[in-house]
Amino acid sequence: MEVKGNGPICIPSRDLSQEYVESPAVVGFAPVQDLLDLARVNSLWPLTFGIACCAIEMMAAGVARFDWDRFGIIPRGTPRQSDVMVVAGTIPHKLVSTIKTLYDQMPAPRYVIAMGNCAISGGPFSYDGQYAIVNGADKIIPVDVYIPGCPPRPEALLQGFIKIQTQITKGIIDANRRADKAARKHKK
Amino acid sequence: MFSQMVQAGLGEFLFVFIFFLVGLILPLSMVIINFVLGPRIYGKKRLATYESGMPPIGTAWMQFGASYYLFALIFLAFDVDVLYLFPVLLAYQRGTGGFELIELFIFLFLISLAIVYAWRKGAFRWR
Amino acid sequence: MPTAEPTKPLENIRNSLVQVIPEAELLDRDYQECGYHLEVRLVMRGMRRMAREMKDRRFFLETITAVDFLEYFHLIYLFTTYNEASFRVMARVKLLPEVRPFSVWTIYPEAIWLEREVYDFFGIRFEGHPDLKRIINPDDVDYFPLLKNFGKTKFTTDIDDILC
Amino acid sequence: MLNPKTIDDASIDQRVYQLNLGPQHPSTHGVMHLLVTLDGEVVLKVEPVIGYSHRGHEKMAENRTYEQFLPNPARMDYLSGMIFNHGYCMAVEKLCGIEVPRRAEYIRVITSELNRIASHFIGAMDYAMGLGAITPFLWGWDDREHILDLLEGITSYGRFGGVRNDITREFYDGTRRFIDRLRGRFWDYENLINQNIIFIKRSQDVGVITKEVALDYGVTGPTLRGSGVGYDVRKREPYSAYPEFTFEIPTREAGDCLARYQVRMAEMEQSLNIIEQALDHLPPGPIRAKVPRFVTPPEGDCYCAFESARGAVGFYIVSDGSRIPYRIKVRAPSFSNLFVLTEICPGHFLADVIAIFGSIDVTVPEIDR
């Protein structure tokens, strides 16, 4: 008896059908955009979209002890006001259209964090006879940062946000930090 | 144009005109800066109505219950009278006197009578 | 582990069930070893009478599930009491693949969802169910996941115990 | 006003509106989709749509050995993961007839009760947040962090025949300190939320579940104990080390949202008593029985019921004598507790539906399995 049941869903994530037209800013000077990036970086508003166990870690990152408000991160209920979509949990087939709709309804500039092994590659639930889940969030939406762990600790999620911040500012913050360190070492 | 206004004694309205201009320019400038500096995404999916991730069922153009209308009316009662509180600052400049405050409270009391009337007639019961 | 061994209530349940469904086969099971006190093997026709009897005796329907034995299904109903020291009665119904069992939703409204789940995973259609459609899997799929010849099970591939 | 009982899809006229309290909604715990039919503000029909967090646990059980299925129960109900793990180990031990040493049973009960308190914190405080009270939500999570520190300290996750790690000295002292600290904290919750007039007004006589409806829908757990039926598997079918502890089952008669909230808060105090007694009489001895590396239970089936923070959970395992289970069925309490929503919600306002849904306290992957 051959194995019925479809293999893992593998839509190559690069040629995602672009139902939307993305147009860059009219005034595109580098300094202006860098300044705007610095502003965007310190107010990344995630969309509260927790699917499974990673959602609890995301909530724990938002509350008393780990408190991501320090980084200017305020969870928003609607995709209209959010910049980052944290895909926290397993992605069953029934949820694929919802995730796509929410991603489409977010205004530019928008970023995606795939939190947890399920969002990266299907995690503990992906094997070749699996009928229920999509193996990874990047099969359906373009993902910027992957946070491994099952579930990842809240600190790992905060580090993911910091990694997105460096990505947004194209490493300007790090560059300054490296420059300062070099200066201090030189002075010593 | 301004000189004739000033001679005709309408100088006072200059301030109102500036007030109107500021009110107009500020929102417009925000929209334009946003349009110019930020990247944009167009597309049918982007502009679809958001209903927690699902395609909305039916249209929003439908008959509404009368209770919503009553709520809007009652909100209006207090919203409009806040408008009347602004000129109070200009009109009552006779100096420190509790009299203006009492008059203000009488005015607010009269407005809240409307709320009490609506309450008695059962506008809040929502059935 | 001492557990309250409810002899008296078990007896009157047995007697009442024998009157209600004479053709059923009642077996006493040891709670320590298998988790339920009484097993009732019966044919699908007696199911509604048994459910009505259980409802009168204040048993609640814990779950309805099915086990696929390739040639036939076993439909399993679990009833447990709320009030005194609870004990569990399991009704086991043997179903051939094409048989359509009766729905017990008129007695236990919870069965609407439980039967929809069994249909969703096994393809067993319940007779008289208000709206039998899929509950957990997406509505447009055609497979029934928990069947033994679907996906990766012992009967479709040789599963290496260690690597799996 | 349309009568909720006689409404059906055909007679939907212009005034009735269908709304998706959809998969992504701040008030639904996880990805729960409530299809609400509204006439203005009054709810006529609620139809929960589930399956948005289905991962096929029961299908995975059919191609993994018993040991490889160990991490799955904790991911079914992630708020009371230790309790599910304890239950799964108990089910396999009952099937294979493995005798667990008393010290391991005590450690399992301690970790399960700690996990129950953590789960009740989220359940009760998420309900309060559904009504708009954000402060208790933050307090509840803060207290939960203390529990997680304790549990991370020893990570004594269950294995067949016992537990993974033994209790350490600082876990012992840490739990003692935690118990005293939490007993003081209940007084703060009492002042902050339990006597808050808005909280009481929004919760009283909202979503009343009568005993009859509870019997029809197989409701269990704090949702049932809020309606006056004191059914708790720890008392009715004593398992593990629970018979050796004295604790009572709090119930309320009213059956509304407030009663369910109060039952959860009272249950936290009971769990504290259990942990205290368990720590007092912690027996010495081994923490794990001699168990072969691969457990091969005899042919047959077994149903093992235990009490999670949401209700009576049951693992029904059918084994055919090999290392791989033939079928594992998990009886999820949230599945039946959620279906009661369709019976008790019509007639309430939309805001009350969110309150009722919060008071029933379900976790989504446990429903979809």
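Worth a mention:
Letters are used for the chains, namely A, B, C and D, taken in the order the chains are written, and counting of residues starts over at 1 for each.
Basically, contacts are C-beta pairs under 8 Å (C-beta built on N, C-alpha and C of every residue); 3 or more make two chains touch, one makes a residue touch a chain.
These numbers were taken from a predicted model, which means no experiment stands behind them.
Set side by side, the interfaces A-C and A-B show unequal numbers of C-beta pairs in contact, with more at A-B. With centres computed from Cα atoms alone, the innermost chain of the structure is D. Here the spacing of chain B and chain C, counted between their Cα centres, is 62 Å. Centroids built from CA atoms put chain C at 44 Å from chain A. In this assembly, the C-alpha centroid of chain A lies 39 Å from the C-alpha centroid of chain B. Per-chain CA centroids place chain C at a distance of 23 Å from chain D. Residue numbers of chain A whose C-beta contacts span two or more other chains: 94, 98, 102, 127, 129-132. Residue positions of chain D with contacts to 2 or more other chains are 22-25, 51, 54, 56, 59, 63, 368. Listed for chain B are residues 53-54, each touching two or more other chains.
With chains as nodes and touching pairs as edges, the resulting graph is of another kind, matching none of line, ring, star or complete.
Every pair of chains in contact is given here: A-B, A-C, A-D, B-D, C-D.
Touching chain A in their complex are the following residues of chain C: 137-138, 141, 143, 145, 149-153, 155-157, 164. Interface of chain B with chain D (complex): residues 51-54, 56-58, 62-65, 67-68, 126-127. Contact residues on chain A toward chain C in their complex (touch as defined above): 1-5, 93-94, 127-132. Contacts from chain D toward chain A in the complex involve residues 22-26, 30-31, 51-56, 59-60, 63, 71-72, 75, 78-79, 122, 137-138, 141-142, 145, 364-365, 368. Those residues of chain D that touch chain B in the complex are listed here as 1, 14-15, 17-25, 33, 39-42, 349.
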